[in-house]
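Two complexes follow with chain A in common, the first pairing it with chain B and the second with chain C.
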Partner chain A sequence: MEILVCVKRVPTVGGKIAVTPDGQEVDTRTSGFSVSPHEECAVEEAVQITERLGGTVSVLTLGPEAAIEQLRDALALGAHRAVLLETDGREFGPIATAAAIAAEVRAHPCDLVLLGNEAADTGDYQVGIRLAHQLGWPVATGIKNLTVSSEGVVARREYRGVEEAYSLPLPAVVTVKEGINLPRYPSLPGRLRAKRAAVERSAPAWAAEGLRKQALRVPVGSRHQATVLGHGPDAVPELVRILAEIGVLS
Partner chain B sequence: MTSSDETPARASAVIIGAGIVGNSLVHHLARLGWQDLVLVDKGPMPNPGGSTGHASNFIFPIEYSKMMFELTTDSTSQYQELGVFTQSGGIEVARIPERMIELRRRCSQAKSWGIPAEVITPGEVNKLVPYLDETVILGGAYFPTVGVVDSLRAGTLMREGAQRSGALTVLASTEVYGITVTDGRVRGVSTSAGEIATDNVVICCGVWSPRIARMAGARLALTPTVHQMISVGPIALFADTSGEISYPIVRDVDTNMYERQHGGDMEVGSYAHRPIIVPPDEIPSIESSVLSPTEMPFTQEDFDPQLEQALELMPELLGDERAGIRYAINGLISMTPDGHPLLGEMPEARGLWAAAASWIKEGPGCGRAVAELMSGQVPTVDVHEADAARFYPHQRTVAHVRARAREGFNKMYGIVHPAEQWESGRPVRVSPVYDRERSLDAVFFETAGWERPFWYASNADLLERYAGRLMERPAEWESRWWSPVINAEHLAMRDAAGLVDLSAFAVLEISGPGALEAVQTLSVAQLNVPVGRVVYTSWLDENGGFRADLTVMRLGEDRFRVVTGGATGMSDAAWIARHLPPGAFLADLTSAWTTIGLWGPRARDVLAEVTADDVSHAGFPFGTCREIEIGGVVVLASRISYVGELGWELHVPIEQGARVWDTLWEAGRPYGLVPVGIGVYGTTGRLEKGYRAFGAELTPDYTLIEAGMTRPKVKEQPFIGKEAYLRQRAESPCAVLCTLTVDSVVSADGTPRYMLGGEPILSVSGERLVDAQGRPSYVTSAGSGPSVGKHLLMAYLPASDAVQDNSLLVEYMGEAFPVTVAVAGATPLFDPSNSRIRS
Partner chain C sequence: MSVLCLVELDAGAPSDASLRALTLARSLGDSSVRTVVFIEAAELTGAALADYGASDVYVIEPSAVDGYAPQAWARVLAGLATETGASAVLAAGTDRGNEVLAHLGALTSLPMAANCTIVTPDEGKTHRLVRHRWAGLLLEEAVMEAPVALFTVATDAVAPVPAQTPSALQVHLHKPELADGDLRVRAVESPAGAGGASLATARVVVGGGRGVGGPDGFGPLEELAGLLGGVVGVSRVVTSEGWRPHKQQVGQTGTKITPELYLACGISGAIQLIAGCAGAKHIIAINTDPGAPILAHADYAVIGDLHQVIPALVRALRSR
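After this line comes the complex of A and B, so read on.
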């Protein structure tokens, strides 16, 4: 099974998000970078599939040279091959992104392309669908359970309490959501393999699209608040009441 | 409801920062009777997000610094009392032969302090740590009393104890906006929970401390620095162990790393990566942190080389593909220019205290020490080397602090020679004859920023003259930061005369109608002496321990000039300032005066060549000072000596220093005058004379009586430490400072070896010597005695062992060498009658 997983370098989100003074970027001086949880799960899913069925996992990112960090993270988790579609730092829109990935797929054919359901930063929800469209492949989105065999995939998702199951022939595109699996941590030997691995590079052309970023701003939201229920045994009745209220106790 | 109490309008002290230090401090203050304390932290309890929250929490007792050893020991026993200490043992492993030698040196140091330690073979290491590949190492040093602590729990117990006693209000999630200082005194703190009036503010803010100090207009010599750490698990081997730790902690010192079991995980920490400095203002806020402000995003590429080395040492355990890197941080730690904490009152304002740059292993000890200082007590552990006032202004600049932190970071586990010199941030303070010294190929050592010639390579021609008496050091370790030229300079000075640049002296003037009272209060010696007298005196703390050791010149009825070492100048100035009576004023004249030393049997001949003033023995007696003219310059000459020779300290206005140097140089050459470095002035010259040095022999741990410096009479006037001193005089001392000669320096492999200081003194049967107060005997100073032909050591010995001609041993690098007590007490080994000085 040849699987391609697409990931995107995004600022790590853990605390309050700050924006650079020009309003154009997320301030990443103290945050570091990662990929979205959906994409972490996509990598894990691909690695698990090849552990069962054999084959190779290629991981691809479209981004600046620094995004090699995210490729190596995926290699450390068990991906076998890494591809950087290098940009000059400009954000590609979903059309150009899908086109660049499609070109890579045509050059290096695979059976299955896994993506996160949406990018953690732009949240366009488009690349998976556009990619499938360009390749003329079937696509299933928002998937939280995937069964793969040489004949095809069965992709399941929940929608408003109803489970939907789709059978797709291969090759196919599937976008997955956090919860499909529990991603592993990188092992030390995995990290060392990743460090030594070669990264294939190409540089697709940027193209203007309809959407343009004007500015970023942080929405005014309610601050997280902690409520102290009480101290010691005095806190027990209130604690029990709340546990019952949220359904932990019945 | 919040976890905070109501904000009081007034507090006896506001402690900022609820990490291990702040929590320990409020505990000790409450224990010492303080009421109305307020502890403020911008973060939530019990983990407000500082370095305590991500510490690896292990404690190795071994330290070369006695202060750091004692702070660590005190902290360990406090953790034990709180029930949060787990003994695990710890091993430092060697990958290279130089490290095996270093580990033997460490075990000898451990013996000085009474720490259990032994050098063990790779096989023995493997028995204790079965997952360590013994083929990678040459051996190890095993410290069985190493352990881990729960520092967050310890802090919580101490803080809550103080709260329960009613002495403490805790303001969590409360930000400090400002510290009010008026007329040089702290008045209050402004916080997000309101204003608090107070006379005392303590900065226990770890990596944020410099930022908070700035609010009070003060500079703290501290910088946040990254220490990378990862946690790998689950480790299959640890699945069956119970508790936090079952295997000894391994310090893989040659790769600057450690591996420490933490439950089911193995923590791997590193000091090997590039130094990464993070300015305090760039530490993220709590809200914008991914993990916590001091757990910054991991920079993988900095850690990559360490992964291979860790894997090499523990291939199976860390090579398990099922074990993942579950946690990885660029953790922030505090670093200072000299690696010591910052404890005590800061010089910028009264009531502004620091308790910062303390790690987990010293935290509770630092808390206790600062609480004692704030209570007007002499601290249980002598922390003068951590004095928050010890740094000169240039040493507290951002550039200097960062440069030294960068340089020190990768030496954390390094093999650091006791005389090792810093390379960064030099030169800063240079004498007026610096260019002369450079052209004489002086080898400079740095003290408090001053470049001091340790010896002059241009004196190499003396080596031939004194061949056979130079006590050359064939072992590389002792030859490092040393030269036989030092001993040649020593002999040349004793034969003729030496010229010594003493610009690094701190020169402090106390003047005004209260000046006499000021110096009398500070000094053991009688200072109500005629104008023109020079008095050598000790200053004591309230317990009768040494606080300083220096000379005072009376220049007028109301004017005294204090001359003290550069290294302690700032601390001494702060001590004076704290004890000035009304009508006495302190001025630091260090930058106005240079000092040139002229000593040796021909010193008078040289001086007489360049001055018309009477410098005869009768005309200029020992222990006096007055102005003379040298080459058209008015010089304050002071007839004293720290090298045991006839001569003078010549105090010269700094811009005229070069002229006086040149004048003496020209006049002195026919008499055999040579430039002499600090290697002679600070070590060989004084050791032969039995002169004690502050910080080495003279510490708060010993008394004037034990140091052999009892004066026949005690002055009538009160002085600090007088009551204690009177008590001490009435008792027989339980230790006596002795000078010992090394009888044979030849080691087992035939190489002569020379101790450098810190080594344990043992009985002939190899037992440690410990006096009735539990104080161990160790070498306080060591050096050549070229004129007596012996390697000399100073050490306090239990009274029963302090007997002339007593045979003992000194352990050095794991080997015992025979020594003899040459002098018990202060009688000089060289020129015992002091005829040279008084000729």
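After this line comes the complex of A and C, so read on.
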């Protein structure tokens, strides 16, 4: 089974998120970088599938040269091959991103492409679907349970209390969500192997898209300070009064 | 000009998320808001569509498209958008709404903006919009230039507001034309265990985080949730540790909630959690640390150990 996993380098945001003075980027002066939990799970899922069925896991990212860090993280978890689609600093939209990945898949055919359900930062919810359409492959999204055989995949997700199962022939595109597995921690030999591994590189073309970012901002009034009702169990009478005021006591 | 809006249904009536999408669709100021539903015509309850200002509803019966098949749903929207000359197509920013509009974008080579909170028509084929990034922790101001604009509407940002006067709703039974392969991927549905769904629509969510201490500490939270007619929803660390199943996670990579009350117990308030609970009407935190980030998002706080405060609260509620 040949599997391609797509990941994206994004800032690791902890307690708060801020924007650069020009309003164009997330301020990363005090943050590190990582991939989103959905994508960590996509890497883990791919590694588990090849452990069972054999084959190789390729990990791909579209981003700046620094995103090699995220490729090496995936290699340390068990991916075998790394591909950097290097950008020139401009933000690729979802249409150009899908086109760049599709070109890579055509150059290096695979059976299954895994992505996160949505990128943590842009939240476009469409790269996997656009990729599938470009390749003419079936696609399932938001998947939290995946059964793979040489025949095809059964992909399951839950929607409003109902389980949905999708049967897809291979090759296919599947986008996954956190919860599909519990990702492993990298081993020391894995880290050492990842450090030495070669990274294949190419530079896809950027193209303008119909949706254009003007500026980013933090929502107004999203931070304030809570009114402290009291300390410990002594605060309970006041807490009950507030619950009644909010209208959640029957 | 008109706009087209995919409406998801709960027991024959529009879902809360779709009512929010309809509210935003109406704000675009086009002469009519046409809606699309997938259901047996006899099972449709159209009153809310009229209340929310829909001029038309196109009913796609199971004989045409049986169940949920995202590409087929997108094909139906593509056909109707052309037929009605729609300037925009909208859907709720749900798993299905985002998925169907992404397929529509791919089928038509049009851009799609997910999880919008405000959309304003500008000159020509241009819309100005505000949309969620980072699951709503940041807002993006953007311009969409496209012959037909595709938007989904953030489920936790636009309040559902009925039209000032209900419209006279025209019902059309629509027979769509599908293409080969549109039904290749379709959902086979079966009842799932309780969890994610009730969390998304619960009126009260009692949240537990690292401060709960372990998998055995959730009993009092469950008991409190029961007394408040709510459910338990946990932070990411709780599911990553395997203390509770992922379907109970509130957050950017879990469920986004919109309850009247979110009671955050032993939760520090990492940004990933805030993305999931920002749609709560009221937030109360119970935390030992008065400097915890969650206090910057909560309306009220009790400084103390949840293992003491919650049992005391349960006793107080039981004795009322």
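Details
The criterion applied here is as follows: the second predicted complex is superposed on the first by the 219 of 250 C-alpha atoms of A that agree within 3 Å, B and C clash if a C-alpha of one lies under 4 Å from a C-alpha of the other, contacts with A are read in each partner's own complex, and residues count from 1 in each chain.
Please note the rule applied: a contact is a pair of C-beta atoms (placed from the backbone, for glycine too) under 8 Å apart; a residue touches a chain by one contact, two chains touch by 3 or more.
Just so it is clear, the model here is predicted, and its values are computed rather than measured.
In the superposition on chain A, contact is made by A:16 with both chain B and chain C. When the shared chain is aligned, chain C comes close enough to touch A:161, but chain B does not.
In the superposed model, A:198 makes contact with neither chain B nor chain C. In the superposed model, A:36 makes contact with chain C only, not with chain B. When both complexes are overlaid on chain A, the residue A:69 reaches chain B alone and has no touch with chain C. Once chain A of one complex is fitted onto chain A of the other, the partner contacts of A:189 are limited to chain B, with no touch recorded for chain C. Look at A:228: by the touch rule set out above, it reaches both chain B and chain C. Once the two complexes are overlaid on the shared chain, A:107 sits clear of chain B and of chain C alike.
Between chain B and chain C, C contacts the larger number of chain A residues. Chain A uses residues 13-17, 226-228 to touch chain B in one structure and chain C in the other.
Only residues 1-3, 44, 232, 282-291, 296-298, 300, 304, 307-308, 310-311, 318-326 of chain B touch chain A when the two sit together in their complex.
Residues 12-18, 29-33, 69, 72, 184-192, 195, 226-228 of chain A touch chain B in their complex.
Taken together, the chain A residues at the contact with chain C in this complex read 13-17, 19, 26, 36-38, 93-95, 118, 120-126, 129-130, 132-134, 138-142, 144, 157-168, 177-179, 182, 209-219, 222-233, 235-237, 239-240, 242-243, 246-250. Those residues of chain C lying in contact with chain A across their complex are 10, 68, 70, 95-96, 98-99, 101-103, 105-107, 109-115, 132-146, 152, 184-192, 194-198, 200, 203-204, 228-230, 236, 239-240, 242, 245-247, 249, 252-254, 260-261, 268-272, 278, 281-285, 290, 293, 295-305, 308-309, 312-313, 316-317, 320.
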